[in-house]
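Labels A, B, C, D and E are assigned to the chains in the order they are written; within every chain, residues are numbered from 1.
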């Protein structure tokens, strides 16, 4: 991974209201960067500014060190997979994919080859002459991916490119995308709602909310060391519990004091404690640090998800073993599993 | 759950080729039925036939026992959340949601109330006067849901209604939908690519492939007792291993013989063994039934996913603990975890 | 971005200035001067021409013309919309052919076509002959308001159909489906979805029919037998027969004003995305 | 070809269908001149076009009152009649006329009267008066002309006034007469009268003699008369506008047109009355006997020509507008 | 089913309405009388006359040339202007659109005379060019009116997608916008062509030097009765267009077939 290929400096965007506020961000060459955040937080708007379809109200945008605020989209070495596909309805699949190549005056032979290769990649061999309208949602999405990928751009912006695909195909495509990124050396800026996808594929994850960046970090950082309760809550399901940091390595919540691995907070500071559902182990009632009653249990395929009422709080627990509703259970966790975050106001 | 509200009898649909082949299916009143299957398998087409936007090439469609093959969409007590939303661009949000109510000549006061309620439900209070074009993808999807839900139809068809939403919002909406279904007593026919969603929310899951139904069952059935390798492979990630059923309760695969809970196969029948990644426990090398080398390990948030090479096969294992690449490990599982399926040809 | 495409209109802006604005300025100059002058130095400005226009005689003519054009426009709309709709539903292979067949009659000279109508509608015309053959008495079909309207509708119908067809073609079918899905029957779907979405086309059609219809003079003359005076005939006569270009110009300017004002009212209904999104419903 | 370039191009402007086109070809051939022939529908169109100065026409054929206006406005050149030897054959009565009182500017081309064409199968007896146009018997079967001068002229003559009156009271009377007539009128048209009458669409029509003759040729039940109260006589004449660039060739062409044989050829095509003293003797009998083609002298005595009214035209138009708008 | 038939009946009636006068017109081209009021028996003489009438032939030539050129140029300018105007800000756009309406509102006589004065005041010689310019001028507003609705419903993301793939705005226009608004452009062209081919007043006052069109000839004939030669000409024009249409239709069906049978363009 090399130098900064893209840099956003203090980018803001206003429509009737502000939808992006002072975004500062850089993307390294060959990096896989994912934007993550709730619906309407400004992910698509950020991509549109990168792609050149929207001018930032404020701030500067750099590509390879040069300010590209005023560079039109077609002069940017950036391609986009649009959230709503934007396939050309008057062209068949072949011509949709060939569109970018034709602009570069690629020879017909090569175009034919490349289109074929891309169709194979997205599992749609033989679809060359089909009309866009006759494709299923997922098929259209795959064509959108193929249309962008075939140009081997320096930077590829992908706005939920796999959202309409089933798990299996999604995994395949994830591998393909990751593969292409390494092979061809493309820089990816990726938007997804699938947190597992974000965590699996990215080098860097950017968590946004309400037009502002909440945290930038590696997937493990983001997951294990969320900087605030919003991130913790948003990334994976968390139990966020009010607590008091008695002193370094010691925290009180749910009426008990626990050892933990965090330090550096003022004494008796009010803090948030984050407990991941999968970190909590369900044990017979008398063996648990905390006792409670199971109030609901849902089959999730890989595991069961149970809610345990511990009197003042409902704790979410995941386990491959099922407990029945109304069972009395105990809950256990290790000091490692307790994450402490300073309280701040954050709005959803 | 009551009587069959919808019944499909031998429904087929041809375009240039056959895309639905002899679908037989019924939906009970108040049931939550999910269609699951790979991209392009015919889910949307099935919904479109139910909604009345497409005539089946063959077969009959019953609603409350009456043949509705020739009943136009607006006379069916069915509402749809379309895969591509199909919001009215000439109407603002308020009027989009109010559309169905206005047709029923609902009073203005009630409409106002109901729209407000729906907007609250989908987390978009105050968006009444916004134009469709100015909404983010996820916001549009939520309006599409609101527009259908507000009519409290007898049957609601939902074509990937939550696909554009982030995990957190998706969970919230899942709960809301489930809640509405119970409360108001709506029958849901649901299409999703999110398998966890399918398994969590459905009463019945229908797995389709290539225009044909593969299996119909409860989520637990489908997950734990897939009828064929396609279903097993499609639902969750599975290790599907060739094996021989020596006799009842005894199976040989990967060079060893194991006890299992299946029976009734002919002696020495060639079969598929399905092992779920999350059912396999990783233990020190000498404690495992099978030994191998870790070849890859990926952080997935909730767990790590590792691939273990056991010589003739690569086994996928999920665990909350991480092993490093090149570690030698042992794998264990219980007889319960071994699922036996008869071999058949199935195409992807 | 798209903003740059503004430049595409600049040549036409210049063209407009030369070929539309300048001539209109000229017309306007005529309208505020008196006839007597041939010398620029002795131009006499006057508002008399406008004053004259407000004579009940001319106001009556104006109102009658607008009424007639309105009726014709409405008829064109009512007859034309279904045609446009049906054509837009025709298989793409044949659509352009039908479109051409539709406009082809208009390529025959208008005078000839109108004469043909006289042959059809006349007292001894085809229709009356046919009626007589059936033993029915003749009816007076020519030289009244209905014959003018028939002529207008005949001549302007394609100008209504074509833009509406344009707006309807390739309309997003999913929106129609969504409307049906929400319980709207065909009629409601038409009123609440299809019609509003095709509104830009309807408005273009109305403009293309209404505006020329107001000032049309050949049809009232030939099919109306000039039994009533319409503004097109008035202006034509003022310019040619009387040679009163000044008053003629004033009438023309007034007519333009009246129509543009009524158009701007109509345009309010145009769902223009830039606007605050005015509501039709 | 190169020779074409050196040829004089004569710009001629005429009513449509008002000449045997073969004559043009012949003149071109015999005089080595190229004719650029343009046509127009109404005198008003001609006037506007010529006054615009768009094309420098060398020779124009048009109607009396319009020529008078152009002469008054100084747009017409004097002719050198020496270059038009055939002028000698022109009927003396038509050499000095209301529109060209000194006989300096024009050569008559065709002429005719304004009268009434009626269908003998529908109209009983032999009417002789303007009253026929006001006869309630023929309500809905009367065609008036959409021409202020002609229609008002008929009313004025019926009242015994001059066609060219500018007396407001007289005009007011005529106006009332026409308004009173309006319910009886089927239509106010000009160009279509001929075909309407041939087709039996109406019983009575105000019409020019030339068109009447043509109509009678197609339908033998039609008859034409010039009302005894007096009427209009009109002349279409040839003139050379001030802006002409080939006067010599234009005069050659006038001479060519007034040649006896050529006149006969033209009559055969146009069927309008001729001013050619020799030619009239040789026209076919059915034309010669037709009162539309060859009116008797006592009829002619009771006729007058339209004069250019100058500004009083506005008054006429105002009245005409009021009649139509009524 | 019922609806289908209703559609067919309705279209049938409309076509009867549209073609009834045309049939009359065609019939009169075989009428052995110069008058519409008289049926003089069947003849082909008007067709023979037609071939000897050099004036009608010239007029036809100019009519077709001017209509083709004017409609083509107007469609070109009109389409681009519509696209440009569409991107104007609200106020200037409203002004432009209204100015654009003026030629539509204006009676032909006013347009014709004012253009005539315009040309003469610039010392332009009236003739082919001035007539062509006038036709273009009154055609453009109609083209813009025809194209605008399509632009309004154009999905702007498609242009973005094209630009994103490296298309210059012009290329995107050519390959994406224009194909998308093609129905509007086609109808714009048809309307422009129709108006041009049928215009008398404006043509009459803005032409000269021996350049005429059919309308001028026909209107000038009106007083003396339009010769059935013109009907013969119209009949021939109609026949030619119908035959062309038939072949084009055949051909496009063929092309369509090929497209469906595979074979990448």
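Convention: contacts are C-beta pairs under 8 Å (C-beta built on N, C-alpha and C of every residue); 3 or more make two chains touch, one makes a residue touch a chain.
It should be emphasised that the depicted structure is a prediction, and the values quoted were computed from it without experimental measurement.
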Set of chains whose contacts include both chain D and chain B: C
Which chain's C-alpha centroid is most distant from that of chain A? D
Among the chains in this structure, which pair is joined by the largest number of C-beta pairs in contact? C-E
Just give me the whole-number Å value for how far the CA centre of chain A lies from that of chain B. 22
As a quick test, compute the distance in whole Å between the mean CA positions of chain C and chain D. 36
Here the gap between chain C and chain E, centre to centre from mean Cα coordinates and rounded to Å, is 16
Within chain B, the set of residues that touch 2 or more other chains is 84
Multi-partner residues of chain D (each touching 2 or more other chains): 42, 45, 48, 195-196, 199-201
Multi-chain contacts in chain E: which residues touch at least two other chains? 36, 113, 117, 169, 180, 219, 222
Can you list the chain E residues touching chain A in their complex? 155, 157-158, 160-169, 171-172, 175-176, 179-180, 259-260, 262, 264-265
What part of chain C is in contact with chain E in the complex they form? 2-13, 15-16, 18-24, 26-27, 79, 82-83, 86, 89, 93-94, 96-97, 99-120, 126, 154, 157-159, 162-163, 165-167, 169-171, 197-198, 200-201, 203-204, 207-208, 211-212, 214-215, 217, 231-232, 235-236, 239-240, 245, 248-249, 252, 255-256, 259-260, 263-264, 272-275
Seen from chain C, its contact residues with chain B in the complex are 172, 174-175, 177-186, 188-189, 192-193, 196-197, 199, 271, 273, 277, 279-281
Which of the residues in chain B end up touching chain C in this complex? 51-53, 72-75, 78-80, 82, 84, 86-92, 95, 99-100, 102-104, 131, 133, 147-148, 151
Spell out the residues on chain E that touch chain C in their complex, using ranges where they run on. 7, 10-11, 14-15, 17-22, 24-25, 28, 36, 77-78, 80-88, 90, 96, 98-111, 113-115, 117-118, 133, 137, 140, 142, 145-146, 148-150, 152-153, 156, 159, 169, 173, 180, 183-184, 186-187, 190-191, 193-194, 197-198, 200, 214-215, 218-219, 222, 226, 230-231, 234, 237-238, 241-242, 245, 248-249, 252-253, 256
